[in-house]
Every structure is written in structure tokens, then in C-alpha cells.
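What follows is one structure encoded as C-alpha cells, with my remarks underneath.
Every chain is named by a letter (A, B and C) in the order it is written, and numbering of its residues begins at 1.
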């Protein structure tokens, strides 16, 4: 991401420090994560200590400092999905992809995360891949789910 | 998230009540057009089951056949289990609702409706009219031709799921297109605002809200009118009203539905509240995980601005008010009022001490009034129908209705709105339809991670703020998770502690270390390393976490643990003393075993086993098989074999 | 002056003071870790809990950030207070069992055993290092990061803090003394943050007295002349 692209995002929020979260979220939409250089640039441009930016970037779940894969799989571990076996779906995906929740596959194809409550509780267990919701999952259906994206 | 400002076209601006009535006329034409209108439920519950495909298919098909049908969107009608839901409204006929619609079914529906035929198969219910609760009106559909094939179809009021419901907060969800402000106005929207701004004084509005008995719907249940009053009393030229839409309880999505299906109800409530308190700026803090709600709010705020309902001199009253939308960053703790305000200020969501209330010094140290989505949404109805009417609903100390999300091990999952005082039994069995698969009810968890589990013995408890707190739970935001005999209460407590230790901001030793250690102990218990002294230790830890922590995340964190110990102590003891999990959930305590007598030697289990723990010989036409066996040492207890076996040959101990 | 009572004893405090500072001045021994009079109170450690009764209601609250008010009734050793305080201490000790200070404090409070699995952390997350760096020194080189049980404190990305001027304030203020500073030759290192800076020698005596980086920062901030820091303090006096 170029510095002028970051400049334009900062300008859209009138350079306000209180809008730091929104600025970082917008950078992340473009970059799929928050590169260190981008954060250093924001710190310098907005005259905000890098410590504060790092604090915000690590506090909020929505922000990620690690590069994400092409496809993001969010497995819902909300209470309703948990009660319906959401953990097993996550574990099946961990086995299939060879990574743990929070990690990205070596070929950068998939990032696996757990989220709490997407609000589709009647369809539990649920996983969202690239914004598309897959409900009424079972361990067996996981294979065909991944096929769709491979 | 950038805010898009309205262009403020003067022609559409509503200057007074007369203009409002004009827009109402336009809205009525949109709600009840001369042609057939098909509305598809496109809230998140609908979209997650494929409602968008249904909608696109309908548009295509109607266009292809050049049918005089309108196809539109609407919010969630509440029975999320049966999504995608759509309804067909033709002048002079009952409004028909269909459930579990697929694109193929949608095509058939359209073809048959054109021939004036009803497809019986996936009929849901019919309506002969609708209630406009904000105006105390019944809008009759004036049915002239009843349709063949509708005999036996229940009407809306006859459906058990809907029978005992009373929709105030959900009054418009599923009945309007949330992107059309005219439809909101047609059903009485913004008329309460007119009454408040033009006919009432701020003090009168506060009195009405006080007399209504409305209590905060976000969880704490603080009397709303009193909160408004204390904020009004504070001297200051700059005050804020805030809407807490950071609905973070897993399993609760009431606020999301309101924001997706009826965002104007919240906006109208906030303008009225701002006027009563003396604030000119408002914030709606929406959870990051709700992109559709954020989008609907952006559209609604923009439209309200274009129509002059937000901005300067609203409805010619001289009162000015603006709303800003703020998108959260994915932190449960930001639902706490001071953490929310810190977040808006650009800081991390760390709560602060509340010796000085936020109504005196809140956002940027200005007097601030924070209320939940559902609380704000109730305000216009209280103003238009009056506090006397509102206070007749509910119980002595808990007035009005409450929206609950009923999920988990129950037949009918979805969103319901019921008067306070209804019993849990009625909710679980009459509205919820009981427990599926003939299993036995075990508990219902209310209040999310801040709440507790309520056992069968207390099912006749009337649901209201104080009664729920008395039994060790709380109302919370309204999540209700039904659990059956296959739910392990130790596992439930562990689950919530895992959530809380992760979501804690981490500032207070008591909360950070307390939730961590409670989770650690519960893990030990669930993995067969529990000790008898763990139970009193959990109780002690729980007490300290609650008493010594700064905010209510820590303050209510022990509730899931303490309530499950209180009502399900035997289950804990079974895990600790006998290393057994009666509900067969805690994996380390399970044994998977293939019954040699039942095994058909098909070999499917061995194929799917990720740990290569199953050995045996497949039975073929040529060879006798050997019953399959699971190597306990290798078994990782994933359950794949159990799920795969079609002959019930695998038992779990 | 505002009058209130601590353990039944009448005390007085000024508007703007907090209960803990008045209590400590008056000789009450309330244990505390994250409180230091040089920075704003934070309320993280929860050891300074007291029971406060006001307008008929009583609750446990931290005394370091509770403002003195007329008519308060403060109890420093009620059953509730002791019960909470001891468990908080036990939790801290379980996190940092090797800390001599925590061991002493625990002994004084009567905390004999630790019933949790002992970790091997050394930092108690009181935040004093970050707070002094931000509020007093203004370098903003270290800060809290992450959340919940992953909460930590240190430089951005947990790498060498580029804004650190190696003044040693964090080293001094840390109550459990886990930051550490060493000087070797012409280098000063803040050990925990892995920050090594070269020191400037005095034009007169030749002793190394402060890091170059630090002095440049001061000159920049206070708009001082280029030759302001040529001679060390000892030689100037």
C-alpha cells in the first residue's frame, strides 16, 4: 500500500486520533492485514506514538498483524453453535488444513479463525468463508466445503 | 467506516406534521401497492440460508415473464428456523407467508400465484390484517376473495410460535423494507417524534418515560427515565446520547434484527431522548461483526437527514440533532458503557471507575446518556401510546416486553418478543415447541456470559429482571440458550470462562487472573484431573473476581460457574469423583467402542478415522470380515466414526 | 478540607486527593503495587481494596482512585476486604512466584499457600513503567498491548523500542524490579526492552553521563542550543 493511499484514508477521517480504529480497519480492508510499515507510517503521519497504535492493533479482534490467507474461514463458537458441536467442526478443519485456529496455511490459501456468534444460531453449527455462510454443518460436510474453495 | 452525508434535497424535507402525512401517503402506496408484492426476508438469518438467491431468482423470473409483481426486501419475522421466508401480498387477498423457500420453490410459487393458485406444501401462515401497535390500529387487508387451498393454514395468531408474543420492539420487522423511510412513516413512524418535539416539553417526556417503567434492555435494567433525568439535570451545553449496539453475548441477536429490519425506530427514539436530555449529538456504536446492520443504519441515517428528520430545526421545532455511526473493533468488553466511550474516543476499550456517573461525565467528559438498541426502540411507542398503556404490560417492577433469542436445543429457534412475566416453561415449550428428538430439558441459560443456567425445577419462574437475578442468573440482553441432557454443565461453565478470559480487557488482576484460573480449574475437571477442593476453590475465586473487579465483565464473570455449581453440583462431583461425564461431552472422559455384534464390517469408520485408530477387515462377497476395533490409545475422540456409522454400531461411554 | 473516617478514626483530606494517599499519610498500612504518587492512579493490581460505606451502601473499591468525600466510612481490614485482598495476592503470587516482594507481602497478609498452577512470569502488569514513560517522561516507548490473559506490556511489536531514551525511569519505578539497567563502557542498556544506547562523554571529565539519543531528544523537545549538554552535571557544579 502506498503512502499516498494511506494519506487519503487519513484525510477521509479528517486526521482525527479518535478515528484511529476506523483508519486501521480501512487499511486492513485493502491489505488484508496491518503491515508493520503501514503502522509506522500512520504513527509518523498522525503524530501518534507507535505504542498506542500497536496497543489498538492488538486489543481489537478485528485487526490482524499477521498476513491472512486468500480465503478466511470463521467458525462460529457462539454458545448455540458450541452446544451443537461447533468445536468439532473447528477441530476437523484444523486437521484438514494442518493448522490451528488463528493460523494461516503455508500456501497462504486459508486462514482459520474462531468467532463468537455470527447470529445465525438456528443454523448451528455455522462457518463463514469469505462472507458466505455455511449452516447446518457436520464433520462430514467439512470436506465438501473446502472443496468449493480449493 | 466512513459516514456518508445526505445530500439534503430540499424537496423531500419534512417541515411539519402535514409534510409527514404526505410522506405517509407515499409510504402506504409502497406498503400496499395495487399489484402483487412479494417480500423476501433478507436479514442475516435469511441471507445465511440463501434468501439472496431466492430474491435474485424471483426478480429474474418476474422480469422474464413480465409479471405485474413487485419484488422487495424486508427484515426478520422472527422464526429464523424456517428461513428463507417470503410473503405474497395481493390487494383483496390474505397475505400468505411461505417458509424454507428455495430458488426452485420460488419460481413455482410465482407461476402458481399468477394463476391464482396457492402452493400448499410450504405454506407457513396467513394474515388477514396487521397490527400497528404504535398507533393502536388494526390495518385490515379487506379480503374480498378468499383463496382455495388455504383451508387448514393457520393464521399468524394461531401459530404456536407467535401466539403468546406481543411485538413492540419488533413491530416493523418483516413488515417494511428498512431502506424505505416512507414505509416506516406510513406505519406511524416519526409521528411520536412530532408529538414529542411539537407538543411536549422535555420534562414531560422524561416523566412519561419514568411513568412507563421502562428499564434498560441491555442487561442491567436500570430505570431509563431516571437515567434521562439525571443526565438532563447536569449543567452543560454539550451532551451526548449514545446507543449501545455492541451486542456481544454469543447467541443473542435481538439488536441486530432491529437494526437490520427497523433502524429508524432506534433513530426516532434517540432524537426524542436527545431532545428530552438536551443533547445535540448522538453516537450509535455498532459491533464490527454486524456489517448488514451497519449498512442499514447508514442508509437510514442518510434518508433521515435527507428528509430533515436529522439535522437542524427538526420538524420546525428549532431542535437540532445529528447522529454519528461508530464501528466496533471486535471486543466484547466494549459493550461496557465506559469502555464503549473510551473506544469512541480512540482508545482501547478499558473501563474506568464510575464513582462519577457517565450521565455527569462520560464521552469526552461530557454528560452522556447511553441506552441499548431495544431501549431506544421502545421510546416512540411509549410516547405515542402513553405510559399508562405501556405500564399495564409486564410485571410490577418490569414493565413492557422483552425480545429474546431462543436458540440451542429447542424445536423452534428464532427471535421472540413477550410481555415480562411470562414463564420460562411457556417460552421453552409453547413458543419454543419443546426439546427436539425426544430429549429431556436440562437447563436454559439466560444473560449470556454474565448470566446463569436455570434448571427444570425453576421453569415456572416468571421472566423479569429481578426474578432472574434472584435465582443466580440475569436478564442480560436477552439470549436464551436451551440445553438438553446431552449438554454438559461443566463444559458450559468452561466455555463461558474461556470466552471471558479472552475478552477481559486484562487490567484488573482479579478479573484477568480470576477468569484464567477458573477456566484452568474447569479444564482440569473436564479432563479427569478434578479434585474435591476444586469446587470450593471455584466458589472462592468466583466471589473475588466479582467483588474485586472494576467493571461488570469481571463483576458477572463467575455467574455461569456459580449457577451451574448451585444447580448441577452432582454433575461436577461425577466428573471429579468418578471421572465421568454423564452428558458424554467431555472428551477426555469418553470411550468410543465398536459393538462387535452390531458391526457390519463396512469399513467406513476406519476410512474416516483421522488417527488411524480403527482396525478390522471389510466384509466383501469373497471374504468374511473381522469386526472393526478402536485402539483406545490412538483414539483422539473426534467422533467422526460415530457420526459416520450408519448402523449404530459405535457406542460412547 | 473534607472529613471522613478510616476504620472509625477521623481523618481529613483535600478535594482532589484519593483515599489511599490520605490513608497512607495517616499511617494506615494498605498494601498496594500499582500506585505511585508520581503518576495518575490506575487501579490495576486491586490490592488497595477497601470497603467504603456511603449513603447507606457499602462496596469494595480500590482506594487509590476513589476521591475523598465528606462523610465517607472507609474500612481497611473488614472480613470482605481481607478475603478479597488475600485471593488477589494469591493470584499474583501464582503468576510471579519468584518475586521476593510478592513473597514478603503475601507472608504479611497471611497468604500461606498458592492453590493454582504456578507460572513463571515476572511482570505483574501494574503498568507503572508505561505510565511513567507516557505521563512523566513523555517518550511513549512502552505500553500495554494485547488483551485478557494475553495482556502484556512492552515496546511496539515487542522489539527494541525506537523511542526509548534509556532514562531509567521505568527501571526505578517497577515495584518488582524486573526491568533492569546496566552500563558497560560507553553503552547503557535497559535490559528488559533490549535497548542499548551509546553514551555521551563529558567534555571535561570524560565520564559517560547520558545517552546521545536522549540528549538529542531533550534538545529537540525543549528547543535547546546545540552545545547545551557538553558538560556533565558533576563538572558543571
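In this text, contacts are C-beta pairs under 8 Å (C-beta built on N, C-alpha and C of every residue); 3 or more make two chains touch, one makes a residue touch a chain.
The model shown is predicted, which means the values in this text are computed figures rather than measured ones.
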Most distant chain from chain C, judged by the mean position of its C-alpha atoms: B
Chains linked by the largest number of contacting C-beta pairs: A-B
Chain A-chain C separation of Cα centroids, rounded to whole Å: 35
Intercentroid distance (Cα basis), chain B paired with chain A, Å: 23
Geometric centre distance via CA averages, chain C-chain B, whole Å: 43
In chain A, residues with contacts to at least two other chains: 55, 59
Where chain C touches two or more other chains at once, by residue number: 144, 146-147
Junction residues of chain B, two or more chains touched: 331, 348, 505
Interface residues, chain A side, partner chain B - complex: 12-13, 16-22, 25-26, 55-56, 59-63, 77-80, 82-84, 88, 91-92, 95, 115-124, 126, 133, 135, 138-140
Contact set on chain A toward chain C in their complex: 36, 39, 49-55, 58-59, 65
Sites on chain B touched by chain C in the complex: 331, 333, 348, 353, 355, 501-510, 512-517, 520, 533, 537, 540-541, 543-544, 547-550
Complex interface listing, chain B residues touching chain A: 1-2, 44-45, 47-49, 80-81, 83, 248-253, 256, 288-290, 326-332, 343-349, 405, 407-409, 413-414, 445, 448, 479, 481, 483, 487, 492, 495-496, 499, 505, 608, 610, 638-640, 643-644
Partner chain A, residues of chain C touching it in the complex: 130, 134, 140-147, 155-157, 161-163
